[in-house]
Amino acid sequence: MAERIEAATAGPINLADYEALAAERLEPGVLDYYAGGAGDERTLRDNVDAFARRHLRPRVLVDVSEVSTSTTVLGAEISLPVLVAPTALQRLAHPDGEPGMARAAAAAGTIFTLSTLATSRPAEVAWHAPPAPRWFQLYAFRDTAVTRALCDEAVEHGFDAVVLTVDAPRAGRRERDLRSGFAVPPEVDMPAVRAALGAGACPTPAEFFSLVDTSLSWRALEELADDLPLPVVVKGIQTAQDAALACDHGAAAVVVSNHGGRQLDGVAASLDVLPEVVDAVGGRVEVLIDGGVRRGTDVAVALALGARAVLIGRPPLWGLAAAGEAGARHVLELLREELRLALLLLGCPSPAHVTRGHVS
Amino acid sequence: MAERIEAATAGPINLADYEALAAERLEPGVLDYYAGGAGDERTLRDNVDAFARRHLRPRVLVDVSEVSTSTTVLGAEISLPVLVAPTALQRLAHPDGEPGMARAAAAAGTIFTLSTLATSRPAEVAWHAPPAPRWFQLYAFRDTAVTRALCDEAVEHGFDAVVLTVDAPRAGRRERDLRSGFAVPPEVDMPAVRAALGAGACPTPAEFFSLVDTSLSWRALEELADDLPLPVVVKGIQTAQDAALACDHGAAAVVVSNHGGRQLDGVAASLDVLPEVVDAVGGRVEVLIDGGVRRGTDVAVALALGARAVLIGRPPLWGLAAAGEAGARHVLELLREELRLALLLLGCPSPAHVTRGHVS
Amino acid sequence: MAERIEAATAGPINLADYEALAAERLEPGVLDYYAGGAGDERTLRDNVDAFARRHLRPRVLVDVSEVSTSTTVLGAEISLPVLVAPTALQRLAHPDGEPGMARAAAAAGTIFTLSTLATSRPAEVAWHAPPAPRWFQLYAFRDTAVTRALCDEAVEHGFDAVVLTVDAPRAGRRERDLRSGFAVPPEVDMPAVRAALGAGACPTPAEFFSLVDTSLSWRALEELADDLPLPVVVKGIQTAQDAALACDHGAAAVVVSNHGGRQLDGVAASLDVLPEVVDAVGGRVEVLIDGGVRRGTDVAVALALGARAVLIGRPPLWGLAAAGEAGARHVLELLREELRLALLLLGCPSPAHVTRGHVS
Amino acid sequence: MAERIEAATAGPINLADYEALAAERLEPGVLDYYAGGAGDERTLRDNVDAFARRHLRPRVLVDVSEVSTSTTVLGAEISLPVLVAPTALQRLAHPDGEPGMARAAAAAGTIFTLSTLATSRPAEVAWHAPPAPRWFQLYAFRDTAVTRALCDEAVEHGFDAVVLTVDAPRAGRRERDLRSGFAVPPEVDMPAVRAALGAGACPTPAEFFSLVDTSLSWRALEELADDLPLPVVVKGIQTAQDAALACDHGAAAVVVSNHGGRQLDGVAASLDVLPEVVDAVGGRVEVLIDGGVRRGTDVAVALALGARAVLIGRPPLWGLAAAGEAGARHVLELLREELRLALLLLGCPSPAHVTRGHVS
């Protein structure tokens, strides 16, 4: 196994290589669960394609003898403006699971976001990964005690922010899963959810979403933000209007996201929505984005359009599937290497130097 | 057979699956008759593609704990804003024919539109399907007595509106039919037409269209609307100018339609024409649309652009071909399920909540 | 042979069918000579594609009980707004050659344009085809006596206009011909050219173009128009500026044309240039167009954008190749049938009723 | 061998043919080194595609009896507005190497640009090629003595300009090379670099780029321009802002270039950037362009958008690979032939007659 990992981490030279490796190694149903989107998967594809519709505008004869990829997000210093997005059930990709992913993110100097639907509890992640900025992704439950229990655990174990997902009051229609009959294997647990529910058995995904609060309102965001000792990041913003409302109701940051094309097919690519959100926010909070980032140049495009940083979901899963923690880390390091070169060739010594004028 | 139907209705998970099933089960000439369009079939394809050029704009943190797909059309309550469009010769698809389709629509809580070129008379449909709102599609004949006889039968048997087709004074050039030599089999009757004509034998399609009144004018619409005890829906509007004229001359509603791409190839997709029609109508009458709807998200796009509801022609025929009445009903239920989820994820508790701001 | 012709004329139902038949029957080098364009053949393809970028806007409830495809061009009545464009060496396609093509055009009630590079002299065409409006296409030679001799022969034999080609002071770079080594077979003559040159042998195409006057100016057009007893149509206009100059210097009509994509690759499709030419001409002369017309709906689009009529070059050659005179005539009749239906479905009783509002 | 060369130079009729020949003859790793671009090679492809998005606008009835492709660049007369761009390691393509390429350019009457990374020193090129205008491409080194030594040698051997590359402070990420493990073979030398460095062994490409000065500024350009007895051409401009700065800081000309898509993937095609650069320069210096030129019509498009001339990099390498010096020369002659015909058919007796109005 050690040999295979070494070969794998030596072999792939970009994220597409990791996607191919993951496709080889994952069981088909799991692969489709990770890879798939809702409906006809138009948005899934468009998230990626949108980056190719933008063009970088490099400036020359700028001193780039010192290039840094570092930035801050919510005040935390990170070594590259690429965070690990929350994705469910990481142990299905590799036994290293969420603790492995958390270690990979920490090693790369960036933030890991733990999903509510994780196969490890916050406590386990905190125990098995070194100290590092870490976020907890939250679904709001109809039973607010459940929501609260989840938040409490995250707070207790040192997580630094809560990422409230607002684009999934119900799961999207993911037809690959309908066709494959994808189900969480009985031996895989979602312990945080199970504990918060006080349930004996882990809920199925269908059961899970029936517990999510479909009546959640902006007022609920405000209350959550007031009650929690952590900043609340609102994930799933797709319009200028909602971006402004998020600012008005206590969000510490917003994530432009369509849930990786997994919720409502036919929505615009995240990148295409980013400019209107940045304009609407007007600097009041930080704007993040996920969806379709596959290259360091994509990160640069997002920065130029006003994102503070990007989140990546599937690529670190590909790394995890290909070679566990080491694979996930290599994915992050590849992006850092690509971004560093992109900044250098753009004439930008750091992410902070990337401006709207660097993209068209 | 029962087994096959059960398997079929269990198997397909979206309308494309039904299209594939229909392609397997229909005789090639009949398949081409249903599937084909005029000329190079540019408009046929563009009707579908136009939906992919639009993007939904979901709003978040809206209370969607109660989502209803219900609406009204011409005052009638229907459980989803998707009507069954008039399509000819449904018994060629399945022995259940128009009565089966009418039962499917009634079961789904929506409106069935009976074609003049149906293989069942209005009386037969009324007898074999439960009470439900039901429309009758009309071609205007040169002999106004024929037109009147058809209308009278529809009125007598409780139909609720007459849908006057205005885009087919003659049939389009459908080359698939020219190549296949498609003809209505001798054992298949179009009894309403035959009776109205007082003819012994059923006319061929060519004979049929030679009887349609190519001199029909807006004044004729006005007279029809005045004379009939039913509202007249004008189907086949493709410009703002004609939409305004329809309002001026007594139309109770207009249907933006290019006859499923079967009449004049090279016209714009229905969806691309919808905005100018909605603007021109200015709320005076309800605007419907047909052409290219294959997903619940497509319905949502049409609603957002101002349609009161959509009509679907080929998809319920695919259902009928695949599994008779049950198949047609499943097609409608799939669209309802998709639309319900689309509304929920758009932040719209009902069709009435979908606005122009929900699409770009 | 009679059988084959009957089968051929019965079989094909549109111009694409004739293109396929021609591809089967022509010798590869001749096929490529007719089919090919200059350079990378971008313009060749774009001429056709441009029609698919436009959309017809049908008006309904217009009295179309009488639909006529007739119009006039330069005062001559023709039964459809589709002329036969000048194309070289028609006897290579079929022994019927230019006389057969002229008979086909006359039978269809439209204008045949004889190329300078024809395999029949004007006299032969006049002798072997019934009286009908007929045009003569002219290359201007450095030796004006040659030009004059050609014109005199056209005048003498009753031709009604001279079509001066202005986009070919030299032949375009047609790489298919370079690769095939295409050459006019020794037994094929271009008698008008040979006679006008006073040469014993027919010039090769390379020799021919070395005789064309590359210094021709607008003043030369004016002199030609003054001297000739026939109207001069200027073919090969691709800009508003040149369209205006043509009007100023005596043109009786202009043809928007890029020589079927055979001269300068990379120029815009003829259809895309048509609107600016129509605007620049401002009704002073008639505007014609060639390039890419394959359907009756294409003719309607050109009319809507302001063309008086269209010319077709390759399609009648396909007909000629497939079935001689009868094939060429069938091509024209297919277009008439398609155009008639297009006018009817557009709500236009005649070409004169087609307006700018019928296209978008 | 003589036979093969003759066949090769007789066979190919356009640059694409030479590309195919080169692909056959080059060792795969070398082929990929020449053909490849950075990242996903979007910009590599877009450089070519951008020309197809423009359309030429030919003017007719202009006297084109005398057409010349001649122009001047930096005051030097050249027989066609196509220069040979600097490309590295030409001896890998063919033993004729840079001296052969220089002879081909001289024979074609145009300028050869010698790369810093050449396999021949300036002295060798000057010795083995006839007198002709010749440029030297320069990377600026951290050790300014190295930079100076390279410039001195170019000056000493009669080069006429220095082309300062500003888009490559570090090499782009060329994944073909990463996969092939491309390395300069030990027997291939880069003597100018080695001598300037005073190194015993030739640096690897990685070593080479570690010596380039990443802190170079506009002030450094100004100093170089002041110090050198030659004009300095700045190559790698991609924005209006940098074009203006280049003018302000002593550039004698700018080259709009993205280094053939080899540096930062995702930047706009060179042609798409040309207009803003031309506008920003406002005639103060000459504007050149490289990237994607494959046809004489492409040259015409660039001229129409304001370029004084174009540079071609890969095409003469294909010629060199296919048939040595003769192949490179044939590539230039093919472009001249195509350009001459393009000018004639555009109604432009010379490059100076091509205006903004000749393209859309």
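A, B, C and D are the chain letters, set down in written order, and residue numbers restart from 1 in every chain.
In this section, a contact is a pair of C-beta atoms (placed from the backbone, for glycine too) under 8 Å apart; a residue touches a chain by one contact, two chains touch by 3 or more.
Fair warning: this is a prediction, and the values are worked out from it, not measured in the lab.
The minimal number of chain-to-chain contact steps leading from chain A to chain C is 2. Per the C-alpha superposition, chain A sits rotated 90 degrees relative to chain B, a value rounded to a multiple of 5.
One inter-chain figure worth recording: chain A and chain D are separated by 43 Å, centre to centre, where each centre is the mean of the chain's CA atoms. Centre-to-centre spacing of chain B and chain D amounts to 61 Å, using the average Cα coordinate of each chain. Under the contact definition stated at the top, not a single residue of chain A touches 2 or more other chains. Under the contact rule stated at the top, the pairs of chains that touch are A-B, A-D, B-C, C-D.
Those residues of chain A lying in contact with chain B across their complex are 39-40, 42, 166-167, 169-170, 172-173, 175, 178-179, 213-218, 220-221, 236-239, 241-242, 245, 263-268, 272. Interface residues of chain A facing chain D in the complex, by the touch rule stated above, are 13-14, 51-52, 54-65, 295, 297, 300-301, 337-338, 341-342, 344-346, 357, 360.
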